[in-house]
Amino acid sequence: MRPSGRAPDQMREVSFTRHYTKHAEGSVLVAFGDTQVLCTASVEDGVPRFLKGKGQGWITAEYGMLPRATHTRSGREAARGKQGGRTLEIQRLIGRSLRAAVDLRKLGENTVYLDCDVLQADGGTRTASISGACVALVDAFSVLLERKRIKEDPLNGLIASVSVGMYNNEPVLDLDYPEDSNADTDMNVVMTQHGGFVEIQGTAEGVPFTREQSDTLLGLAEKGIQDIVRKQQEALGW
Amino acid sequence: MRPSGRAPDQMREVSFTRHYTKHAEGSVLVAFGDTQVLCTASVEDGVPRFLKGKGQGWITAEYGMLPRATHTRSGREAARGKQGGRTLEIQRLIGRSLRAAVDLRKLGENTVYLDCDVLQADGGTRTASISGACVALVDAFSVLLERKRIKEDPLNGLIASVSVGMYNNEPVLDLDYPEDSNADTDMNVVMTQHGGFVEIQGTAEGVPFTREQSDTLLGLAEKGIQDIVRKQQEALGW
Amino acid sequence: MRPSGRAPDQMREVSFTRHYTKHAEGSVLVAFGDTQVLCTASVEDGVPRFLKGKGQGWITAEYGMLPRATHTRSGREAARGKQGGRTLEIQRLIGRSLRAAVDLRKLGENTVYLDCDVLQADGGTRTASISGACVALVDAFSVLLERKRIKEDPLNGLIASVSVGMYNNEPVLDLDYPEDSNADTDMNVVMTQHGGFVEIQGTAEGVPFTREQSDTLLGLAEKGIQDIVRKQQEALGW
Amino acid sequence: MRPSGRAPDQMREVSFTRHYTKHAEGSVLVAFGDTQVLCTASVEDGVPRFLKGKGQGWITAEYGMLPRATHTRSGREAARGKQGGRTLEIQRLIGRSLRAAVDLRKLGENTVYLDCDVLQADGGTRTASISGACVALVDAFSVLLERKRIKEDPLNGLIASVSVGMYNNEPVLDLDYPEDSNADTDMNVVMTQHGGFVEIQGTAEGVPFTREQSDTLLGLAEKGIQDIVRKQQEALGW
Amino acid sequence: MRPSGRAPDQMREVSFTRHYTKHAEGSVLVAFGDTQVLCTASVEDGVPRFLKGKGQGWITAEYGMLPRATHTRSGREAARGKQGGRTLEIQRLIGRSLRAAVDLRKLGENTVYLDCDVLQADGGTRTASISGACVALVDAFSVLLERKRIKEDPLNGLIASVSVGMYNNEPVLDLDYPEDSNADTDMNVVMTQHGGFVEIQGTAEGVPFTREQSDTLLGLAEKGIQDIVRKQQEALGW
Amino acid sequence: MRPSGRAPDQMREVSFTRHYTKHAEGSVLVAFGDTQVLCTASVEDGVPRFLKGKGQGWITAEYGMLPRATHTRSGREAARGKQGGRTLEIQRLIGRSLRAAVDLRKLGENTVYLDCDVLQADGGTRTASISGACVALVDAFSVLLERKRIKEDPLNGLIASVSVGMYNNEPVLDLDYPEDSNADTDMNVVMTQHGGFVEIQGTAEGVPFTREQSDTLLGLAEKGIQDIVRKQQEALGW
């Protein structure tokens, strides 16, 4: 039995609220149950130095957590004067995943910043961030197309992400915080809407896991990602 | 004429949404028009070193702005590795203002962190933050009273804050971004619900201002603060 | 009675020693009683990036305190690796105030750095800094005129600053450290020599203050600023 | 064909040189071909604060790269004033992996620091680091047992790590730098000597990968890890 | 001929102004010609952790330069967020030199901070700092003796410092800025009043120097240090 | 008697292993007994801004110590976020010393980075670094000549460095760690192969030293440096 009463292969309530704030080219509040992340896509002229003159664009991500998004208040990274390892790891993952969804040549010499700020955390903030950032990115591309800053849509297809894990020896989908903090194995999976794998990160927290378990978990992730992609499509009116 | 069409002494739509997130002892989304700030109050045992053993509590504030809360994206302070002067100035103001609303001895040796994070900015983020943080603080005190961690309510009364300024030679109340960026004089005022002044910060952006103008602006601020206090009271069900 | 025996509307001994050090274009040691600040004005070619090509100059300030300027030694900000919130707040105030004294277009694409370093502190370091920096700025403009780097004097007029406050329920002028650390209300005022207000920053330390008190304090500040301006003029031989 | 002429399932020359430096409790130079990493294990009394009094030990890792370990010199992180995201990600991975090899309760309240410093880089520095750190850890445990600071060997078994990837549409084992910088998919795998998975991190650099490819790559990794474990055992004289 | 017209073995005008500021236990303005450094000695209870419980005291130094102490303005280290290598090198030298003048056991578990802040620079700021800090230290020890915080004077004797160098192939004493920036060899020497060497730091800026030159320079330094010690004694009324 | 049993004027075993790693233009492992430092020379196009357009090159050094190069582990500077004073002092010394060995005009607008990373420390890491960096520099110059990036060899001659000191009242050559930590006087000397002095840094750790002692120590250093230069020449096949 899961603490939330969900079936093993049942996602939390997933929603994408577009145009959540008004300044960004894309602005989406994504909710995976009580996990809520504000994902904005901001477009700037130009690319980082290592790409100058190569005729392609760039997509990068930053991740943050409001101090009281969590059960107990965690110190503000801006006040501590540096981003922690977990933050850097997550924002590298988000950027890498979204770049896999895009044909950077069609983006021209533009940079898209994906800011994922967690307003409320209950497990799965990185998977919600990736899934929400993709919708914000789609909206930003629409703005660029409307403003004729780009000619073709750079999107190769939607991507989404979900966590799966072994909880009480059972494979479960979309771990919430009580599950996440007690799971034996935790795996974050990023996939395209067409079923290709973009990233697999599986970690044994205690007992090592087997290849069979890995296989079962990947199957569960595929199912969850199809659910999320459907929600993304609904939100986008596709 | 004001860009928004408001009367000179007219506030923007002000609202306080309590219990906006679930983990914090107090969590309020405050809106002054399109300016939206999430204010949380987090209670921790103990006090900073300089207060140890003095039998009183402490209230401190931190302020942040999501990177795309503004028209153009501004760099993330956590990524730059330090908080800017404007951020430090505002969070010092919020902390000082709220301490003026509280009898710190009744708080016992507890510290309340007031986190004000701007989700969307359209002028007046510091005045909205102070006004919203006060409501979050009231909710946090209720929690402390319920949990019997304190015996008496430490609140001396509500405080609120508003900006006033000279715009096109006219005194106006509650400047939004288009006004704020073109005002000759900008004044932020913090007051108690009983009409006492907690803080006055007036700045001439171009032409110096006169004592008569200062006097008129303070009168306008008094009016606006009464409006805000009424909204705070409604939100609190008082 | 004031600890120093001064009358309520009596300034401390104020002096401006020009050409205090030899390298800077302007170098003034300002003393408000035992508060001593070395203010230098340094001129550099060019302007910050956000002003490039706009045909105007820039004035900025930095503030520092020698570690043993105070009763007990305070840590060196360079050693701690960052400037504190109080420092940033004061240097922003100094820069903003002095820019109000100057026609930046007449300055051409030059930047003036105003460095205010407190050698000895006894209350009122920010007001002394502003008042001294103005004299250093006048000297720097004279050098620029002599060297024909500018054609017209950019100065609109002198500015000066003083603190006023409620001490033992009495309004007093130019608070020294024993008064400052016990005042109920503390107000820093910056004015032009012609009586215009550039900045008002009033703070209730304990009990809120009334509009009448604010009014009385502003009157006292006007008196003090006239005294300081007279001393500035004497020092400049005007 | 691989640039090195190796067969698809062929490891580079792997070696572990124990007692490479003299001060550390464990000191191992690990080579995966031209990739050379100095791994030291340093034991200190006590544990981090979050573990105090829980009767268990801790294992943590730090990773660094000498500036000219790479083809072109990369800036020294100590000079830049912070560790990059890649560094933090790798050292978190090393620490997490090695903790999976150990029964922390048998370690008592001791902390082992695993320092992995890359002397020469040619792809696979993180997998070499994990494999070498494990041998250094075994040596450190022997020292602790000899000195009677612990009673039982905390090691659950050896762990090792290898990379696998899709290079020119072929699954290959133990990517060197020319392969790594051109691979479509890159997967780092950490396993126990008994064949359990500790960590899987697979990333599609360009084209997404399929579940079949993932499966093939895991099989290849299992083979490579058995080779490395055999080398570890030889070096340890087991 | 020297730019200043001084004889090769002639010091600049040296002066020590005691009680220059009022808060510090020792406060001395030292001038070596136009080089002016404010040296304060601040006493605090306790010692750094590595000395706790050893029944001895500690002396440490910090060095700073006001931004416009120099011909062209140099950036403020507090604003840049770190102390430069030259600053750290000089303050390590000052601390080490002064500890050589003191019996740390007689100081008890007290720490003396020697802050040397350069108000105006014209060459020789480190040698002036050491010579001035010694006088400030003597004054601080007198205060400690008066307040009965220590029983015996910890001073072993005065120390002083001077620079010597090869300028236009001539050995010269006490280099000012025009000499220092053109010298072939620059040597800073710290000695006790009894003629013992505490520190010798000689550097060839261009052509290497010979042992004979080194010998001549040391003789010149001995002469200069005797002059400085005489001035220290006069200032102290010894 | 010396702890190592060496004669007072006897160096430790000195060796230079060239081409120790493969990427750098020069790569030398230098050993002074158990002190082992990896010195690499990396050539980059261009010079720092202050040298732009002057038609000369630049040589700079960075120094680091692996965390467990020492008896007890010392914190990683990259993790602490800044280089300590000792590190900065040493790398300034290495850079200054090597620049004295080179005609920077013959180097053209190229910069050579000398990275000295201590793998194992047993006293004398800075003197070994300088001596090893010189050999790495020679190799880098050969590469530049071969690649026709420079026309003439910029080397003026070899330089080397050694420490000397008073240990148990005896002058000794090349102090190892047990001697270094107990010496009364410690002197680091840098000389050219032709016998010219580049740098002398002598420090009295306890009792001041005399001019005679200084003289004796310099003589001993001359002897040691001749030994080291001979080893450098052997390694280079000169």
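Labels for the chains are A, B, C, D, E and F, by order of writing; each one numbers its residues from 1.
To be clear about the criterion, contacts are C-beta pairs under 8 Å (C-beta built on N, C-alpha and C of every residue); 3 or more make two chains touch, one makes a residue touch a chain.
Treat the numbers as computed from the prediction; the structure is a model and nothing was measured.
Student: Spelling it out: a chain qualifies if it touches subunit C and also touches subunit F; which chains qualify?
Tutor: Output, common partners of subunit C and subunit F: E.
Student: If we look at subunit B and subunit F, which chains touch each of them?
Tutor: none
Student: Superposing the C-alpha atoms of subunit A on subunit B takes a rotation of how many degrees, nearest 5?
Tutor: Fitting subunit A to subunit B on C-alpha positions yields an angle of 180 degrees.
Student: So which chain is farthest from subunit D, going by the mean of the CA atoms in each chain?
Tutor: It is C.
Student: Among all chains, whose Cα centre is located farthest from the one for subunit B?
Tutor: F
Student: Calculate how many whole Å lie between the centre of subunit B and the centre of subunit E, each centre taken as the average of the chain's C-alpha atoms.
Tutor: Chain centroid spacing, subunit B to subunit E, equals 50 Å.
Student: Subunit A to subunit D: how many Å between their CA centres?
Tutor: The separation of the two C-alpha centroids amounts to 28 Å.
Student: Using the touch definition from the top, which residues of subunit B touch two or more other chains?
Tutor: Expected reply: 81-82.
Student: Beginning the circuit at subunit A and going via subunit D, which chains come one after another?
Tutor: Start: subunit A; next: subunit D; complete ring order: A, D, F, E, C, B.
Student: For the complex, which residues does subunit E have touching subunit C?
Tutor: On the subunit E side, the touching residues are 21-24, 27, 34, 36, 38, 40, 42, 44, 62, 64, 66-71, 73, 76-79, 81-83, 87, 113, 115, 117, 119-121.
Student: Per the contact definition, I'd like the list of subunit C residues that touch subunit B in the complex.
Tutor: Touching subunit B from subunit C are residues 82, 84-86, 88-89, 91-92, 96, 100, 187, 191-192, 194, 196-204, 206-211, 214-215, 218, 222.
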